[in-house]
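In what follows, chain A forms one complex with chain B and a second complex with chain C.
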Partner chain A sequence: MSTRTYKKFEASDSGDIPDKMTIYQDCMNQFNESPVNSKRCRTLLSRLLRLLANGETFTESEATALFFSVSKLFQHQNDSLRQLVYLAIKELSKISQDVLMATSSIMKDVQNGSDLIKPNAIRSLTVVLDETTAFSAERLLKSAMVSKHPTISSAAIATCYNLLPVSEQTIKRFSNEAQEAIVDLKYFPQDPSNTEFYPNSTFITQYHALGLIYELKKNDKMALLKLVNQFAGNNSIKSQIAKVQLVKIVSELVNKDPQLFTQFQPLFNNWLGNKFESIQLETAKLITNFHATHPRLVAPQLFSIAIATLQNLLSVPRVATRFSALRILNRLSMVTPDHVAVCNPELESLINDSNRNISTYAITILLKTGTAKNISSLISTITKFIHEVSDDFKIIIIDAVRTLSLNFPQEWKSILNFLIDVLKNGEGGFKFKNNIVEAIIDVVAFVPQSKEMALENLCDFIEDCEFNEILVRVLHLLGKEGPTASNPSLYVRHIYNRVVLENSIIRSASVIALSKFAISKNDTSLRESIVSLLKRIANDKDDEVRDRATIALKFIDTSTANEPTSSLADELIHPTSAYDLASLESKLSSYLSENNDSFKTPFDVTNIRKYSDDELKAINLKRKQEQLQKGTFENGMESSPKMAKKSDNKYGKRIDSDTYSSPNIDEQQQELLDTKYSDELLSMAEFQNFGKLVNSSKIVALTEPEAEFVVRGIKHIFKDHVVFQFNITNTLTDVALDNVVVSCNPEEPEESQLQELFIIPIERLLPSAEASCYIAYSKTEDVVTESFLNTITFTTKELDPQTNEPFEADEGFQDEYEIDTLYLSTGDYIKSSFIGNFTATFDELPNEEVAVYNIQESITLQEVVDKLITSTSCLPLENTQFVHSDTNSHILKLFGKSALNGSKVALVIKLIKSSKGIALKAQGKAENATLCSDLVNNLI
Partner chain B sequence: MGNYFSSMFDKLWGSNKEIRILILGLDGAGKTTILYRLQIGEVVTTKPTIGFNVETLTYKNLKLNVWDLGGQTSIRPYWRCYYTDTAAVIFVVDSTDKDRMSTASKELHMMLQEEELQDSALLVFANKQDQPGALTASEVSKELNLVELKERSWSIVASSAIKGEGITEGLDWLIDVIKEEQL
Partner chain C sequence: MSQLSLYSVHAVLLLDSQGNRIYTKYYNPPHDENNTIFTNDSNLPKTLKKQIEFEKSLVKKTHKQDSEILIFENNLVIYKEYLDLTIYLIGSLDENEIILQQAFAAIRDSLDLILESGIDKKNIQEHYDMVLLIIDETIDNGIILETDSATIASRATKPPANEPQLTLDLDKGLMSAWGFAKNKLQERLQQGL
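Now for the complex of A and B:
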């Protein structure tokens, strides 16, 4: 990319950087002289370039003046001077708008210049041409592209590639030439004196040409398939990176159309055995990535070969290869750790690799593939290791250990010991320590047994901690968790020490923490001693500390006077629920922007979703687990073939904006959407008297994602009502849909317990727009489950392209369209929730229900587990959401709470796979007997 | 030593000094055609000039540095970036393009007002004389208001770049003027 990127690395030992204004003046004088002194001008240009490479910039008018003076050098026919002129024009083009003035001169060089300057001239066309002038270079570029000279041909291809976003119309006409350039093997002109030292070709042109063809055809599946079939099987592609590119194209094809995978299997086998390491790597990456999303389509044998290939690459001499193989294995280890375990011997020997990147990666993988058996021995290995690596690697290791605590809650002791050891004895900066503290906070949150040990050690840690932010976090944690510990006064003492010894930020945080002990613990003597401490603090010299102490005293006072649990003070100091922040934020900002009575109406918080502590933990745990999984797909993007990352994203954006949001939106966005939809619903007048929104389901697809009209449904549950929301997207480009209505019919109308109240249709759905149609029902019982057959009806109207309105006389066509069944199931009434000690809770719950199922479809255990998690809306616990791939049985543990009344429900589901299918035994326990049997009996 | 002599020699014969000449005029007037007629003596097929062409040619023992600047409206503002050290301007007019005579005249006079061009000689080619209905040189001269020009050596020559007529006559006059002024 830009020469600017390596600016910082050019150390001062490379000589003094010339003075900017001196160079500027010299350029203006020298370049305008007649005749031109080419040697002096060349030196001057190289100094100018050096300046720019060092990150120096010129104002636009200076750059323009420089450009015009440089352009005068075109009068001198000297190839080496001309090459530098081109470099300078390319650099100045980033600042000056006027470089188009060089167009004619450049084109002349493209046509008549020597082979030496032609490639430079061609490449600089990229910076001077625009939409209106690109066509004038078409003929020149085409003949350069088919040139026998590889450098010239490559330059033309690269230029076209970069011009594509500028002038798609022109570049579209280049596909024949590009195709020819892939096939044509080009050699450097032979110079007999040099053959010994120089290769006669690198065949890089093939790579460039393939990149261009791909950009031209990337939306045309058939054309890409043809391309792959033409080149993949034979040996016509000599360039190594062109071959890698081909693998990437196949990767994209199979990810878009998974059914294609099978037909490519022989090819993959072949590629895994290719002589180039890069091709083996890319293919293994393709297979393992694809396996993560479509496990059933990958033949187990092929998958094992891919792993074996990676395993082999772990012990090759080339560092980059070892590193890449590790990266792929690392991602794999997050989803299917058991598959990676075969590489453990190699990984263990890499711990001592002299390259620290490699050893760190090896360790993190080992940590992820670790089983309950070897965790503690691994931890003792890294305890020695971690003190020797740099901060960055330490953080990577800490993160890996942190995931361990989520995956092996039963190993919390050795994990916590490790974290405490590095916290107290490890050398490192803020980020490192903060990560450790965060990891400990995680352990405390998700493994309740660990609480006391963690808190005590954190208390020791804050006795000598230099980072304010970390201290404040620990104090907050102590205030939150300390009051319910067995010996609260221990923590009170530590906190009070901070008040005596630290700065005002920490003193303020301590005050809050202290007051929590007084309020939430019903212990009079403790309360009294805290009150006397706070009274002392109320004389602090800092305003904030004083204010907090005073208000805390007031709160404590009121909370002792009233019933403690219901008091305002208690709610403020020790909240039991938290607002959904995304929803709160959007409501607040619309409150601010829509304010038209100078804030006379107070902000209304009642409609904002609230989460209880357990719900919040469930959400956090899910998010963390997803982040782990995400690692797998972090490189999904990367695998789509691209020659270079372009700074200008115009092209990409234009294509993307045409396609509406894809069906697999990522989880975080999904949550935002959920919030958005429920906010929209709650703000509509029609639903005002339905009361509080109890729960909203996940978005379910009701059509194929590539249908003309894409429909997705959401079920909103109220106390006495149910609302179905149908989001409909019109993917047509020239037709509007009027009066769009979804008619929803219960599958068994006689037995339906839902009474349809009203429908809110979509008046007009324009092309590529999304809108929602709502249907509201009243329900008689708490939990109603039913299935609905749905049809959308609408009137299509053709649009006048001029006005984007339907043609005046067009009455339109009535049309209808059947979509998938929508199920209102027990899971829709459940919210996932976290519980620290699943087994104990499960045993305690009073009502039990057992059901047995047989699934005859051919489906993997993992797929069943995924479906169960979705259909029950429960949170998988103890890491049971992952099925080890080499087993035929699995136990899934799920926990949730009724969205209506918060009663607990827990499930243990045993799955066994045999040749006949999958047998499933679900055991449910719950506070509420009906909920229990509803859930257990309607699992599938 | 050798260098010293050769540069003495060059100075005496004036062949080291390059003479800067600009060819200006509206788009399509025939500037690029004239430049290459001068350089290679042939008619080349041209495309609208986006930017400029520059060629060095030797004419009557003089080294000429000839700049042909594009004439489109979008390019005209850039002419002034190339005015420095210009010995002469050749202004080319399409004699058949009566509609744009006034535009040509306006551009010409605006350019001549520039400080940097005060000492430059002006040669106007009333080009495309081979075409029926072309205005004559004196008609073009009137349209361009050339008589108004004081304190400047100027001349107008009827030409056809395609047929190669008038070009050398015009250039001969220009060279004479330049030589005179430089002596």
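Now for the complex of A and C:
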């Protein structure tokens, strides 16, 4: 190629990238020229790499041709050209074939190259070697690893690390060299030729070596412990980043074996006082994460030192440090807000930080640590602040306020005022407004006192709202809550305005909302006005609106007629219960797919679970509480990265998923599973005549999760029957179980009120399969509580690995396996339920029962509370499910309804912790006296 | 566990203020196809189209914000905005922020060392070969190789001098030699003045 065309692109170096094919041609020509012009070649290579870095690609044949030409440049001994050659080789090897041909040239450089070029050569081995050739570099890599030159040694270790997936066997032999690389402190040799920069060894080789050793030994707990003990105590690790790696290894160790934590406590103390902030942070992260899963193993003193360390880091000038400390505190504030409260002064000063990320974090933490005392002042601070930040931050703050409303229902006034203020005055997009409306809907749902004020303001809001979706939601809320308010006619006016002014979607939503006011109990005079309004709407030009109006009129007509159908019409206008949507969906889709008589049999909805309003609220509240507790600690749990990722996708655009976590996936799956089990049960012929399934318990583990046979039990309650379902998983790999039967024996056979009816055994349970065995009992209509001793009996048969069938001659032998006791308790008959005003309801309930317990085990109050909530299956109210960690007493308020007849039951449980154990006084009140005494007397 | 992996950096991006690419590198653990040891926990986009979308929205998010560090689409992003370009380093959410900050500072400071007139788009493009070397010497396949900026800068070679062309060609006769010497002498004298 001529110099002229070359020159043409010289100028373009600073501007746009030249055309891909021109570069390709230039490279092919220039690289094959002899002698090689090193300067031009380097410029060309740099352009080629720029093309690749910009996302251009070459076809495989082009890339192979390029690769071949580039490797010709190995003839030229110029370090500065060679460095670029290596870069090009690394990039091109991804798309070209025959990359192996460069190996010998690279190997030559690894052996005889200058100190400058050696590391580049070594690192490029990553891309040219594969499973079959990796061993050939073994000797070279080994000697490079123990080189005194830090960069060479690091390059060799990094390359080994990169090669691990393809040649684990070879790399495994390097652990001695890697160990040596940690101990050996490598300095740069004095190099008189390089006068421009003065390299200063950071001993980062230690980090690489530590990383490699961990990968080699990660399954060997003892080796890792030895590693930690060797390097943690003394000062032999100089590299900051290697020390952080060491902290991470310890974190991994204690998470796998929590008992190790105590032994490391002095070390943690030491690390928290380390001069490097990164180590302080990593250690604090370790301690706080561990505290979330194993609170009892962390000495309170250590925990408070960790918090104090974080607190100090909040006031350092470095942004990354503050940010990191805030992230940890934020996570912590969701679980134990009271511990974080000591940092409040620092957090308050961070509200005005120039970095918006930091100020938003500070505010969200403050909102979570807020106590009843400072909430209103906090809210007035945010009110000033919120209009200045971007939409994303606003949403985070709104979410935090929303949690606040769940935690401090008594502060609803200031919270609601704040929400209404931002709703009316805040500038923002759909997402932002929608979040506020959702928050208000939450407040209305869980704090009944706030209803009128919230509704009035929402009415004002919809007069001037540009988002259809939000309007429809508000209209629905008005229709649902409006008729029971003290002055329903107020809302009718606002809703009718929508009918006059808005588009058809909103008009049809308004019609539904209006029709609900017709049966309002508070203002019977409304009915006629509504009817006349609806009659007018029935002439609307839109089909949907007209249809809805007509049908609503018909319903109202029927419900006034005082006929037997009138209550049905009421129900249709104002439904009091909703179907379980997940199970409805699955039923409907199976109905569609089966279709054996071209839909002659109508779809049967009676089997689908229905939830009443209160139950739905209870479910929602529970989910939100659990979100607060669990979802936030996903980082600390071992098994959750996948789960976290799933939820991340859902909330993809959220700028920070850990300020407000998405619904816990596990929990949802659990619910789906529940529905699935009950569906399975109801579809079996044997259970058809048992009638409606009243309640299903949570899944109870009856064995250790790592046992040979993992058994989990579910109790299904019918009106006159009880069915135990045992899900058995065979974890053995080569044995099938035949005729698996669970035999349940009541602990006190004479007094048993249950009659065993039949057992449905599992015919064959193949390895790693799960199947269910059912046992049915008949019972009286009352609440029956009993405990059962369970044994599984089965015939084991060895499997032929070829066919995966048992050997024909194998008769197998009988075996037994004992599993834990299954308790049928009063809690199984109770469904958790929500009530807005607990104290008033509690006082009204007629029957009272009091019981006192003493627990002598050493467990924390929180654990007792958790146990009580599960055993009673009631809903904790007024945020009493969290125990402040520094108190010795607690009051738990629980509310539920009987699954059999829906009678209410409320419990107030007072707990006091002393040196002797925990004293517990339960006061139960219920509509049904026996239920009350059963529940209170069988708490534990 | 992913957080113990040495592959702590998921991407290094140099984008201009419109979000156009100057340099981009998304790191994936090598030998990914038969990889049973490392799980790739990077949740950055894989296809070019998605990557460009991601970059555009990242620039939008960080432009004129001056916040150095943020969480963006579940990635930890450390960045610095210059007059007409921004340098980004992206890592996983679980990584120690300060470690990533150091890796970022290593790139930033060594660029500062080798680019005599400071970091801007034109300078980066003119010394693209050295920029490539700086980033390659700091991060290898996502592993942080070095955090000392002087070490990194000392390892990024300058382009070779224009060797054969500069040597004096005697064939062209004494006159040209004399002319060359004269020119040189003049230059020196001027510089001396």
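Definition applied: the second predicted complex is superposed on the first by the 636 of 940 C-alpha atoms of A that agree within 3 Å, B and C clash if a C-alpha of one lies under 4 Å from a C-alpha of the other, contacts with A are read in each partner's own complex, and residues count from 1 in each chain.
We take it that a contact is a pair of C-beta atoms (placed from the backbone, for glycine too) under 8 Å apart; a residue touches a chain by one contact, two chains touch by 3 or more.
Here the structure is a predicted model, which is why all the values come from computation and not from measurement.
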Which superposed partner A:133 touches (first chain B, second chain C, both, neither): first
First (chain B), second (chain C), both or neither touched by A:104: first
Touching partner for A:163 - first (chain B), second (chain C), both, neither: second
Which of chain B and chain C A:79 touches, first, second, both or neither: second
Chain B versus chain C as contact partner of A:215, first or second or both or neither: second
Touching partner for A:277 - first (chain B), second (chain C), both, neither: second
Partner chain(s) touched by A:381 [first = chain B, second = chain C, both, neither]: neither
Partner touching more residues of chain A, whether chain B or chain C: C
Overlap of the chain B and chain C footprints on chain A, listed as residue numbers: 35
Of chain A, residues touching chain B in the complex: 32, 34-35, 68, 71-72, 74-75, 77, 98, 100-105, 108, 133, 136
Chain B - residues contacting chain A, complex: 16-18, 20, 47-54, 56, 63, 65, 67, 70, 75, 78, 81-82, 84-85
Interface residues, chain C side, partner chain A - complex: 1-6, 21, 23-25, 29-32, 34-38, 41, 43, 48, 51-52, 61, 65-74, 78, 93-94, 96-102, 113, 122, 125-126, 128-129, 132-133, 136, 140-141, 143-148, 150-151, 153-164
List of chain A residues in touch with chain C within their complex: 13-15, 35, 37-39, 42-43, 45-47, 49-50, 53-55, 78-81, 83-84, 87, 90, 116, 119-120, 123, 126-127, 130-131, 151, 154-155, 158, 161-166, 168, 188, 194, 196-202, 204, 207-208, 211-212, 214-215, 218, 240-241, 244-245, 248-249, 252, 276-278, 281-282, 318-321, 323-324, 327, 354-358, 635, 638, 641, 645, 648, 652-653, 655-658
